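Just passing along the structure, written as C-alpha cells.
Order of writing sets the labels: A, B, C and D. Residues in every chain begin at 1.
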Amino acid sequence: LITTLHTKRTELLPAVLGSTEETTTGVIRLRAMEKEGSLRIPVIAVNDAKSKNMFDNYYGTGESALHGILRATNVLLPGKNFVIIGYGHCGRGVAAFARGFGCHTIVCDVDPVAALQAHYDGHRVMTAGEAAATGDIFLTVTGCKDVLNAGHFKRMKDGAVLANAGHFNVEINIPELEGLAKRKRTVRPNVQEYELADGRRIYLLGEGRLVNLAAAEGHPSEVMDLSFSLQALAAEYIAKHKLEARVHRIPTDVDENVARLKLQALGIKIDALTDAQEKYLAGWSEGT
Amino acid sequence: LITTLHTKRTELLPAVLGSTEETTTGVIRLRAMEKEGSLRIPVIAVNDAKSKNMFDNYYGTGESALHGILRATNVLLPGKNFVIIGYGHCGRGVAAFARGFGCHTIVCDVDPVAALQAHYDGHRVMTAGEAAATGDIFLTVTGCKDVLNAGHFKRMKDGAVLANAGHFNVEINIPELEGLAKRKRTVRPNVQEYELADGRRIYLLGEGRLVNLAAAEGHPSEVMDLSFSLQALAAEYIAKHKLEARVHRIPTDVDENVARLKLQALGIKIDALTDAQEKYLAGWSEGT
Amino acid sequence: LITTLHTKRTELLPAVLGSTEETTTGVIRLRAMEKEGSLRIPVIAVNDAKSKNMFDNYYGTGESALHGILRATNVLLPGKNFVIIGYGHCGRGVAAFARGFGCHTIVCDVDPVAALQAHYDGHRVMTAGEAAATGDIFLTVTGCKDVLNAGHFKRMKDGAVLANAGHFNVEINIPELEGLAKRKRTVRPNVQEYELADGRRIYLLGEGRLVNLAAAEGHPSEVMDLSFSLQALAAEYIAKHKLEARVHRIPTDVDENVARLKLQALGIKIDALTDAQEKYLAGWSEGT
Amino acid sequence: LITTLHTKRTELLPAVLGSTEETTTGVIRLRAMEKEGSLRIPVIAVNDAKSKNMFDNYYGTGESALHGILRATNVLLPGKNFVIIGYGHCGRGVAAFARGFGCHTIVCDVDPVAALQAHYDGHRVMTAGEAAATGDIFLTVTGCKDVLNAGHFKRMKDGAVLANAGHFNVEINIPELEGLAKRKRTVRPNVQEYELADGRRIYLLGEGRLVNLAAAEGHPSEVMDLSFSLQALAAEYIAKHKLEARVHRIPTDVDENVARLKLQALGIKIDALTDAQEKYLAGWSEGT
C-alpha cells in the first residue's frame, strides 16, 4: 500500500496523515526509503514495539510455523535435524519450540551476535552449506532472499523438507530448485515433491510462501491482538500529533499500555515500584 | 571509582579521558548522573552491548546463581517453587535454567512487557506478595532495593530460602528480616537461619550479597571474556576518539567484532551476505 | 476383534494361533480376561515392548495430541494452563512437549508414583477438582472412564477446551456435559461449543474421541513403524512357538531387534560391549 | 558387606535374616551371584522400586553430577558439547538437566532401545569413539568398566573434561590415561590435569570417583529420603516374612506407600479411583 502510494498514486499522498507498519521486512524497506529520501509520510514502526516483536514474532511465528509443518507433512518432529535459518525474534521462537519437541536444532545466521546466542542457547551453529548436508527439515526466517539455493539443494539428503516462515517466497530460491528437478508432483496438499536428476527428492511446503499461512491458519488471534492494539493506538497517536515524514519508534507508554491491558485481560497482577524505589533507581549515591 | 572521582577526587577529572561501565546498575546510575548534569567524563556503556547483556548477564548469571544456591544449600531443585524477582537479562537466564532443572518457576516484575513475556515463556507471573506464600526459593535480580521485605517475610513458608543475584545487598531488606527474627544462626557456610517469633525459619544465603560471588565463584571466565574484550576495545575507542562527557553506546562494529572473535575461538563458522542480498536488504522495490 | 471372537464367533477360536495387542487399554482388558479365565488364545502384549511404549505412546501421542489441538482450535499454546490427566507414557509425552511450547502444565494422576514424578519433572500436581478451576485446556490420557465429569465442568472457566487422547470417548463424560448445557453448536470443524446455564462456554474437541485421530492424522507413520514391526515379528514368533492361552510379554530379543533396525535406518551407530565388559557385568568380585 | 559375608565371614550367614540393596550395580552383582547359585540370603532390590530409580537416580544423580562438575571446574555449561555415556535412569537425568542448561548433549549407549530413546529425546547419539573427538565434557554413568579408554583419550580435544557418576572409579580407565600422560598436576581441588605427549591436556575430576560425592555433597537428602524409607520398609518386610535366598522385587504396596507419604509431606493431594472406575479398569466388556 505504501509502495503503491509512493509510485502509482502519488496524488493521494498529501491527504495521508501517516501510516503504521506491522512487519520486520516492511520496516526495513521503509528505512531504506527514508534513507534514500523517498519517504513522504510519517510511519510508526509498530514492529519495533516490545509488545510486538517479542510476542507476535517469537511466540506467534514459533507456534504457527511448527503447526504449518505438522499439518502439511505429519512428520515426527522428535529426533529430526531441524535447521532454522535466521535467529531473529521469529527464528528464536521456532528454535525454542522445535527443541521442546525433541528436535536436534541447527541454527544459521549471518549476524555474529545472533549466531553466538544460538550456540549458547544449545543449538548447533554452522553455515547453511554445512547444514544442507545434515538437515531433515529446513525453515527460512530471515527477511532476505536466496537463502537456500542450488548450492544447498545439491547437498541435501533424500527426503529433505523445505519451508519458509520469513517474508516472501524468495527466501528459498524456487526457480533454482525447479531448474534442478527432473520431475515434480504434489504428494499431499501443500507438499510439492521435486525429484532431482540423481533420484533424491526434496519436499517444498506451501510453494515457499509463509508456511504458517499456507498450510495452517497463521498466528493465533490471541497474539495478534497485541499487534492490532498497537496499530490502533499508533494510528490514534498519528492523528493527535503532527509527525515528520520519517520512520518513528512507537512511544514507550503506548507500548507498555498494550502489555498492561493484556495482563489485565489474562487476570495477571503485577507489583508497582514504591516511591522510595523510584527514587533509588533515579539516584546514584545510595549503596556500596 | 567514578563516584569517588566526582565527589572526593574531582581534581583528577581533567586528566581522565573517559571510562567504561560493565554493569546494569552502574549504567542506570551514570544515566542518572548525566540527567542531573553531574557527569563530567565520557563513559561507554559496555553493559548495553549485545555481546554483553545477552551473554554475561543471561548465561553467566543464569548458571552461576544456581551454582551458588546449590553450593550453599545442596537442596533438590526439581519440584521446588522457585521465585525469580526481576525478569531482565539476568532473571530470564536464571528462570530458563531453573525450569531446565525441573523447578516450578514463578516470576515477578514491575515492567508489564517483561511480565507478559515471562507468562508466555511458561513461568507463572504474580505479585511478590502472592509469591511470598508459595515460594520455596526466592532470588532477587532487580537492581532495585527493598524488593523482599517484612511484608513478604511474614507470609513465607517455614524453610524458605532467600538469595540475591541482582546488584547490592539491599534487594532483600535484611534489617527488616533481623527485626522479625528472635534467633539467628549459621547452619552451613553462607546459610544464615532466621527463626521468626512463630517458629518459622527463613534461610538467607551469602548475607544477601550476590550469591554467585558469595557462595560460588562468580561468572565463569569463559563468559566474562566477552565483557572484558568489550571493555578493552571500548577503552581503545575512547583513546582514539574525542567523546563528549555523557553516556555513550558502544559502537556496533566493536560489539559485533567481539562476537566474531568469540565464534572464531569456538571454531564456529557462519555465512556472510552476498552482494545481491545486501542490495536486496537495502532496497524496497523487489518482492510482492 | 478379540472380544468378538470370545463372544459372538467362538466357533473360530480353535483355528486361531494367537494374537498381538497394540494398545495399553487392550492389554489391560486382556489381562482382565486372563484373570477371570476367559482368555482362550495366546496374545503377545506388543504394547509392553520397550520399543513401543516409550516411542509410539510418548513421542507419537505427545506430538499428535498437540497437533490435533492446534489444528482444531488454532489457540496460542504459550501461557496456557494445560491440564494433563494421566501421567503414563502418553501423558508424559504430552506434558513434556506442552511445556516445550511454553504452557503452564498441570498434571493429575491417581498413581502416587506417577504424581510424584510429575511434580519433580516440573509440572504442578493437583486433583482434577482443583485443576478444573484453573485449566484453560484439558487433555485426558488415562485409559479410564468418567475422568472429567459434571463435578469438574461446573468449576471450569468460560472458554475451557476439553480433549481426549486416551482410549475411547468415555474419558470425558459427554452425557453429563450435554446435561449441563442449555445450547450446543459447532464453532469450527471438530469444535463443539457447550453453553452452560450461567453462560459459560466449554469447548469439546472431536466429540471426545481421540483428538489426534479426530482432528489431525494420528501418529506419524515414522513412529508407528516401530509398533508395526513389533506386531509383525510377534506374529512370526507366535507362528513358530506353541504358546499357552494367556497374555505374553514380547521376547526381549525381538524388542531390541526392532530398536536396532530403526537405528540402522536412521544411520545411527552405537557401541557394543567388549567381552571383558560382558564378563565384568556378569561378575561380582571385581571393583571396590 | 554382602560380598564380605559370602567370602570372608560365611559363619555369620545363618544369623542374617536378609538384606536390601540400594544401587543399580549392587543389584546387577546380586543377580549374578543368584545366577551362579552363590547367594545365600534373601535380598530386596530396593533399587528396582519405582519410588527409587525414577527419583534418586534420575533427579538425584542428574542434579548432583552437574553440581559436582560446576563446583570442580566453574566451566560455562551453555554451549558445551556434553557427552553422557550411559542412558539409564541416571544418564537420562543428567542429559535432561544438561540440556536445560544449554549444553549440546551427545549420548552413547550400547542398548539399542536406550540409544533410540536418546535420539528422540533430542540428544545426538553416536559411538563413544565418534563422541571422543567432539566432546568438551564427558560423563560416564554406565555401571560398566573401561568405558573411556586410551582409544578415546587419543582422539580428545585439548581441554576435555572427564567425570564419572556411574559406579566405581573403573568407568574411566585411569591407568591408561596415566600411561599416555607425560605430566600430571592438580590445577584446582578435584581437577587433575594430564598432559599428553603432543601437548593436549585432559582434565580428570575427582580421580574418576563419583563426581557428585568427590566434588559436591552427593544427592540431596530430600531425594535420598525416598530411598531410605524404602530400605527401612523393606527391612521390616524381610523381618515379617520368610523369604527365599534370592533377589526379590520390592512389594508394590511398599513402593507406592513411600510415594504416597512423600506427596503428603509435600502437601500434594491426588485423586483416587471411584468404585465404578476400578470396576471399569478390571473389566473388558464396556466401551467401543
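Note that in this section contacts are C-beta pairs under 8 Å (C-beta built on N, C-alpha and C of every residue); 3 or more make two chains touch, one makes a residue touch a chain.
Remember, it's a predicted structure, so these values are computed and weren't measured experimentally.
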| request: Give the label of the chain whose average Cα location is farthest from that of chain B. | output: C
| note | dist(centroid_CA(chain A), centroid_CA(chain B)) in Å evaluates to 28
| Centre-of-Cα separation between chain D and chain A, whole angstrom | 43
| request: Could you put a whole-Å number on the gap between the CA centroids of chain B and chain D? | output: 35
| Taking each residue of chain C in turn, which ones touch at least two of the other chains? | 59, 78-79, 99, 102, 119-120, 266
| message | Can you tell me, using the touch rule above, whether these chains form a line, ring, star, complete graph or other shape? | response | complete
| request: Note which residues of chain C are touching chain A in the complex, please. | output: 59-60, 62-63, 67, 70-71, 74-79, 96-97, 99-102, 216-217, 219-223, 266
| note | Residue set of chain C touching chain D in the complex reads 3, 25, 28-30, 32-33, 35, 50-51, 54-55, 58-59, 108-113, 115-117, 119-120, 125-130, 143-146, 167-170, 255-256, 259-260, 262-263, 266, 268-274, 276-277, 280-288
| note | Seen from chain B, its contact residues with chain C in the complex are 78-79, 99, 102-104, 119-122, 124
